[in-house]
């Protein structure tokens, strides 16, 4: 590099020299066997070492969505994929791609919490009152609150509950989490849905927001958390004798319309063959 | 660039200047509206303009696997994907990833045809005799011949049949195609399976080999060919009201084993909590 | 299926029986060699046969973003990908995944055109006046107009220009396209940027909106259009001798911070090893 | 399900009831906060709880390829991807797709170790003699041994070294690992390359083979291990102001050929426009 020009690339994540890889400045050789993987995740993404409590919190988060049987779109998509292309890499990428607005991505909830929490802090209002005001406003605009509700769990989402317990025990629970719970409380009261839970994605977002993660980073963590299950499912599928999975006829119906191509091309102005 | 150093990147596919994009040396502005898309595909990949017959052959190939309803792993995977992550990009990437060894990828057949055809040519033997010898050898080694057989079609694969007719009509059918048919004939005779077809992927590989495509390029063409159907399915799924598709209970069964975590951790040497 | 239950899956895209695949009701065997691929794309996605003019328009659209050398993120990403994982499937999926908000995805422009055009129609105002009003409002809200501007082309985007010429020649150009041009005109006037173009993605969106495509379908078509170039680049990369591409040192700079792991763990409350 | 029919789907990985998710039979609620994530990975994939030593080994493996700066194709591909499509999901899938034959995938080495180790065991020969015989045979067939050599590290790969130390300390190192080292020793002796290392992927394969993982599962674990770095890089890229990354002109060169489309179409038999 000439000294004047700004380089096209730079990164503070890591660098390599002839003796080692330096991750956020620490030699990888010293990290392996010393830092637990969840603490290493925190270091890589947040660019500083976690406290032991933060590391245990990360560990709990990484375990919170380990698998969800054949009830998760990404898992089923991955198994279909490898029934045609028997590749772990393709199967895992497929599962990653199924994470989004409707499932497993905490970024929407993370953005919601971060933004509304900042407004609440600036307002100087009591938390409950401000939460009620926000929920009423959202309701009148027809907007939903991300991270609430679950197709299977009522009153309690067991994974969310464990995350909350851990956050409190490890000293990670904080004001942003309280704020999100206040919003939840205001919502189930206003909507008259007392059994509607904060789901695992919602609590994950609240705790990760409290620890300073950005919304895209939250989704990154959630994806890592879901991958042990994906590896297990893809491996199970690869070891099965099933190839080229399809939709079984017992659960499908087709209109089976039949049309005349030449007739319709003529009508569309194509002239006869 | 200083003139001495070899540049890290170079490409002969296209270049851009301030007035246009030059694709294999031709101005894109002149291509649009002049070259049919299948001819443009040929130009991009084979680095020369096709003859009109080669262009019509490409057109037929690009239409040959337009869709296969819910009987194709990639389509079903893509629909599961977008039921969680409502994104056309994610759905299309998922469908691409499901193309592989067991479905829709002509590269195995392409490599088989190219390699065995070269051996046949070098042998100086009559085609039928050499094909019988090859098939017998493969059988004794327990090896399969790629591109033969179809779960749905017997005796005739309608898509394969149309590709062959087009190849003959357009003057593209050639010796490598004849060779693959000779191998097929020897195989169904030796195996006693007269209704086993050359499938659409097999014929696609034979014709593309004849036109000079490499095996990975064949798979690239097959993927493009399959994408109109994928776009249609993903759009249909996005417009449906279905979110978070799962495996319906009517077609699933779970062992539902229940174990004691603390008991088993103790047995595994972890000590009591 | 029992007649009462709603099936979990249904599709109107195609169905398969023992003799053929029926695409939107037409036998695939009749489509191959009869319908040009761009017309088949239209049929699959729009669920009806195109007129000959619509088919030629689709052909021009499919040729409009055939390649953009090493100046497109998806192409470079795909080449890096296959330098580690030499797979056409992986390379193509990677290129697909790089299509999005900042490049090659017409869905934002498509949504903008569809929504603002509907407002204009409902307003009863003259087009120019309504466009000026909209642009002024967007400017005051700090919102951008999708599909305008290009890093390389000024005054004229040659691809956009050809698409417009084709749309007019084929009778596809219409009121929604005029509306988008009126918005563009109002914008460059208000912003004082006379050389700011409607780019190829903007025109593609306008023409596809006019032909009734939904925004996600527009992105699907744009992706298909870009894939011949991707296949060519991936093939070129696979045939190169380059493996494991990295960022060359000549264009990179690293902070190379060095920290003491044990020291910093102790400070973070971990206790000494 | 009627009791006679075999269900289309079944899985032993997990199941869900109204109160919890059961992972390999254990309630997820009990796992979170009790099992470290590496132990949970082991449980999911190997379908049994690990010993504490196996869990610590998994932890070390998951930390061994945390990042490799801008010297890894997948990281660079992911950053190019999100410079066009600013999505964590797309960036992570891209990085996953770059794992393969030339980088980061232990499956080749895993298959090699598993298969050759079985032959060695069956042979009854001394390990060193059998390793020399194998290496000589591979050399004469021009075959490479997967997992050996590294572009940056000589004599010692610091990550591989730490994995070996951990495996020995945790009682996981075993006969299959010794066998792979014997093959390495025979190879560097025969090839006269004393500074050629067993790289991190090779050692990872040996240790995971020893713990009973299949080759695709090994690749799954390696991918999880690489993702904290990917999340960090994608986040850094998303927070940069860089959009639409390209190949800088300083490291690229283009032939810039210019051809006459009408001329060449005429030569190819198309007739004049």
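As written, the chain order gives the labels A, B, C and D, with residue 1 at the start of each chain.
Everything that follows uses one rule, which is that contacts are C-beta pairs under 8 Å (C-beta built on N, C-alpha and C of every residue); 3 or more make two chains touch, one makes a residue touch a chain.
Bear in mind the structure is a predicted one, so any value in this text is a computation, not a measurement.
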Item checked: Chains touching both subunit A and subunit C, listed by label -> B, D
Next item on the list: Give the chain pair, either A-B or B-C, that is connected by more C-beta contacts.
Entry: B-C
Next item on the list: Averaging each chain's C-alpha atoms to get its centre, pick out the one most distant from subunit A.
Entry: B
Notebook entry, point to check: CA centre of subunit B versus CA centre of subunit C: separation in Å?
Noted result: 23
Next item on the list: Calculate how many whole Å lie between the centre of subunit A and the centre of subunit B, each centre taken as the average of the chain's C-alpha atoms.
Entry: 32
Check: What parts of subunit A, by residue number, touch at least two of the other chains?
Finding: 8-9, 11-12, 15, 27, 31, 35, 69-71, 85, 87, 89-90, 93, 97, 99-100, 105, 247-248, 250-252, 254
Note to self: So in the complex, the part of subunit D that touches subunit C is made up of which residues?
What the structure shows: 69-74, 76-78, 80-81, 83-87, 90, 93-94, 97-105, 151, 243-248, 250-252, 254
Item checked: Partner subunit A, residues of subunit C touching it in the complex -> 1, 7-12, 15, 17, 22, 24-27, 30-31, 34-35, 49-52, 85, 89-90, 93, 97, 247, 250-259, 261-262, 264-265, 268-270, 273
Check: Along subunit A, where are the residues that touch subunit D in the complex?
Finding: 8-9, 11-16, 18-21, 23, 27-29, 31-33, 35-38, 40-41, 44-45, 47, 56, 59-60, 62-64, 66-71, 87-90, 92-93, 96-97, 99-100, 105, 107, 152-154, 158-159, 161-163, 165-166, 214, 216-217, 219-221, 223-225, 227-236, 238-239, 248
